Amino acid sequence: MNSITRSRTLRQRVRTAGVGPWLLLPAAVLLAVFVYRPLFRGVELSFFGSDLIGNPSRFVGLANWVEFFTTPDFQRTLWTSLLIAVLAMCMSVGVALSCVLLLRRWLPGRGFFQVVFSLPFAYSAASASAVFFGLFAPSVGGVNLLLDGIGIDGPPWLQQPAWAIFSIAATTAWYESGFAFLVLIAAIKNVPEELIEAAELDGASGGRLSWSILIPLMRPSLVFLLVTQTISGLQTFTQVYVLTRGGPSNTTTTLVFQLYQLAFGQGTPDFGRASVIGVFLVIVVGLVTLVQFRITHRKDA
Amino acid sequence: MVLAQPSTPKRTRRPAARLRTLRAGDVARFAVVLVLMLLMGFPLYMTFATGLFPNGVLVRSGLFPPLNQLTLDNVALAVRSIPLGSQYVVSLCVVVIQTLAQLVTAALAAYALVFPRWRGRAIAFGLVIATLAVPGESLVIPNYELVSQIGLRDTIFGIVVPFLAVGYPIFLLRQAFASLPLELWEAARLDGCGDVRALFLVIMPACRNQVTTAAMWSALAAWNGFFWPLLITDSPANRTVQVGLSQLVTAETTTPSVIFAGTALVLLPTVILVIVSQRLLVSGLASGAVK
Amino acid sequence: MKKALLGAAAGLLALSLAACGGPTSTGVGSSGAPGPDALHDAKGVTEITFWHGLGGANGEALDKLIAQFNSENEGSIKVDSSFQGSYADLLAKYTAGLRDDSTPTVLLAGDIASGYLHDVQRSVSPERMAAANPDDLNLDEIRAAGTNYYSSNGELFAVPLNMSTPVLWVNTDLLAAAGVDPQADLSTLDDMAAAAKKVTATTGVAGLVEPFDGWWFEQLTAASGNVYCAKDNGRGKTGQATSISLTKPAQIAAFKTVADLYTSGAGLDVGVDGNAALTAFTAGQVGMMFNSSGAAGGISAAKVPFGYTAVPYPISGDKTVAGPVVGGSAMWLSSTATDAQKVAGWKLESFLASAQAQEPFAQATGYIPVNTAVDTSSTRTSYLQENPLAKVFVDQVDDAPKTDVTAGCLSGAMTAIRAAVVPQMQAAFTGSISLDDALENAEQAANKAIDQYREQLG
């Protein structure tokens, strides 16, 4: 055997087998137990009615599913979740994009502005909701104080259905804008300098430059943000739990909040009906993810 | 105009010198940015200012109260109303355990998915990636059944156990490992390193940035987690700070100032993190986050 | 390799699906009632757990009693008492405890949890414990209204610890300005409504505030002489409550009277929160307030600059059956505890419900003493002379007829029923929909909740 073949054999030996593949086991087991098993169990639970403490006790087949899709409650909950998701996503990405584009060229204090715009990233859903709970409080909340200062009467932010939905979406948009800002800053940094200079030499400036050059080049990041924020918007729970508890009169109940109500929030737990919502969510999120996959990968073709 | 996408972005010269000339449009731009900053920064200001003054003072004095009224009473009350102290400890434990566990399992998994060749490697990777599309809330009820049966209800370990291995860090590290030159790994193995030593002594150090990004992602997710900790714990002292905040909001004896004080206390670590690691955050997001 | 991994995963899946069929379902616990020997024969200190939802000053008063009990029984019984947050949190924790067998020996549960706890059947009957332990609590001493509330089919299922009653709080200055005499003109619902309108007309201030909590609609129903749920409010031989009833004529009239106040501007809307109503009352923003007798402490602490008093809840129906429903909480003894623990738990319940504990507890908290032996003590008589409002409360509870109507609805679905009824009533009171539509919607939604509950009951 000459040295080349010897090293090739050595390489092959090094590459194949050994203990290597088994290193996947811890993660595989954990994912199997805590992600895949619950997926199947959730489907199983959705076919059962519960007893007084939540255990599946009666096989009811598709009854829970039929009930879920035919009650007006379902349509309202779905609509609320969609509305909050889309509103929040538009506001968050809109503001973040504007900030990023406005700060692209130098301004005095730009570093400071960047820090402020990215700070909402430090907030979790719970802390942002706690803060906005205080800000939206009737008459003594910060928002109404500001409005009073310029002579406008603040609406009942959390007590009226339409405003309550807006308030939840605004809270979500605010704390998600931090992450969006950071992602878009990174995206715009990746736009090659020569392109911008060439465009400016051609006479494009400000708005036109942004619209026809920058935004298209930031497309992957924008799509990423749009999709992930819509998905997480569909799963809104914390903001509803802290700000309105689903009220007023169940008008801000989202899908996940209803799941919580059915399984943990109303005296006698009903794991069967709640699991229907869980499985439905998997389907919806899966579909949206598939759509995102198609969009991003079709473009690269 | 034809846009030819260059292969790598290049910077020809420092842009600062040329861009520092102020034009007329810049004044308008500055004004808009200022307004945006005031709007977006308002909740930030209120978070930290309201908690430092007695209840109602901020309201009555038009948002800029005299500094001689500064007080830490609200903070003290927040710490007492919910046991914020022990909740902080719980949250810290959760962050440490979850981050370490996720990093270790992800490193091991990513290694197995990149370097050794074996049949089914692609399918296994697909199964891992598929978990990214599963919303956590859908798994909550069956996991609740399981975790309470094991007897881990209302414990720190119960909070952590469903998240000891999750898909996203595995994905991040897998991409990082895959971008390394194969020779690096081969050399380590030829030198006599077993798989585990190769992983921790050679591969991981070579991907320091991505490992840091994965660690930060895990830590942040652990700190911010709400739904699962809410359900699996019920004693106030065993809950995380995020859940504690939600209880503070509805507690009978709290006033708005106390809520803000408690929130500010919970936010301190992440706020400091964001301020201090601006560059790292941006580069971390640019390099691997966007698929 | 792939096969091995998939095989392992599939095996794990199957294993855990099989193993995790869930804990044992709600069996009928052993409701055997041990006698005092079980405790005497037990070696060492018998430790028991006690969960409650009383916070603030009331919680402190309870803690004092627990400490007293512990010191009196040192060496034989030790009580570990813990505050579990609101009654809702307490119940959620108890339900979770049922799943993994970590329930407390004695549970102090809110009044509306009674139906659920009764159905879950994890508690020992107080009557059997009293029969087996004749030296402890004498059930005849429990105030009749409490026995009425916490009984089903004539049998007591829990021992009340604290009792409150709904009253009409009155700002006497405002009413005097409107020419209304609180003692004479507020005994019926219509009188009260007229007075409220007068207050608004003459002073411009709202006449009445009622929190939109479900309790108040149940009170309006009971005061109109109707049961809230069929049949017999869920308390008779026919067993479970089967449906809710919101459309009896007297009931609708009662709802209409109050709704009318709101839509005509004489009512103040503070949402569902009783504390918000209290704040408005103490700020002088309203002439009269429906609130619990327990609000006395908060009002006196606010040191209001105006005169105030409390008058009995206005009745709108036949006085021989109609009256207010008591509120509060009661103690449930776990049937899955050991015999020694059961006896120890019964001793704790007996102590907490005894006259010697109830008297200081009632004074400290403003609750009505559940033990009638307190009424005859001299200290109590002088206390009542100094605190006439306390006398108003206890008289109302004693004078009300003890019927199914005044016992309130017993149903495990009460939480869901309230969740169904309250949004509808709220919409009606604020004028968004007509009262008739609201009542119909509420009935439908509440009946659905009852049906679902009965399905779960099996």
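Chains here go by letter, A, B and C, matching the order in which they are written, and residues are numbered from 1 within each.
Please note the rule applied: a residue touches a chain if its C-beta (ideal position, glycine included) is under 8 Å from a C-beta of that chain, and two chains touch if they have at least 3 such contacts.
Values in this document were obtained by computation on a predicted structure and should not be read as measured data.
Between A-B and A-C, more C-beta contact pairs join the chains of A-B. With respect to subunit B, maximal separation of chain centres occurs for C (centres as means of Cα atoms). With centres set at the average Cα position, the gap from subunit B to subunit C is 43 Å. For the pair subunit A and subunit B, the distance between mean C-alpha positions equals 14 Å. Distance from the subunit A centre to the subunit C centre is 41 Å, each centre being the mean of its Cα atoms. The set of subunit A residues touching two or more other chains comprises 21, 24, 28, 33, 36-37, 41, 264. Contact of a single residue of subunit B with at least two other chains is seen at positions 118, 124, 142, 145-146. Contact of a single residue of subunit C with at least two other chains is seen at positions 1, 5, 16, 20, 22-23, 92, 99. Of all residues in subunit C, only 1-3, 5-6, 16, 20, 22-23, 55-56, 84-85, 89, 92-93, 96, 99-100, 102, 275 touch subunit B in the complex they form. Taken in their complex, subunit A has these residues touching subunit B: 10-11, 14-24, 26-28, 30-31, 33-39, 41-42, 45, 95, 98-99, 102-103, 105-108, 113-135, 137, 140-142, 145-146, 149, 174, 177-178, 182-183, 185-187, 189-195, 198-199, 202, 205-206, 213, 220-221, 224, 231, 234-235, 237-238, 241-242, 256, 259-260, 263-264, 271, 274-275, 278-279, 281-282, 285-286, 289, 296. Contact residues on subunit C toward subunit A in their complex (touch as defined above): 1, 5, 8-9, 12-13, 16-17, 20, 22-23, 25-26, 91-92, 95, 98-99, 113, 116, 119-120, 271, 412-416, 419, 423-424, 426-427, 452-453, 455-458.
Interface of subunit A with subunit C (complex): residues 21, 24, 28-29, 32-33, 36-37, 40-41, 44, 49-58, 159, 247-250, 264-270. Here subunit B touches subunit A in the complex through residues 1, 3, 6, 9-12, 15-16, 19-20, 25-26, 29-30, 32-33, 36-37, 40-44, 46-47, 50, 56, 59, 62-63, 104-106, 108-109, 111-113, 115-118, 121, 124, 127-128, 131-146, 161-167, 170, 186, 189-190, 194-196, 199, 223-224, 226-227, 230-231, 242-243, 245-246, 248-249, 256, 259-260, 262-263, 266-267, 270-271, 273-275, 278, 281-283, 285-286, 289-291, going by the rule given at the top.
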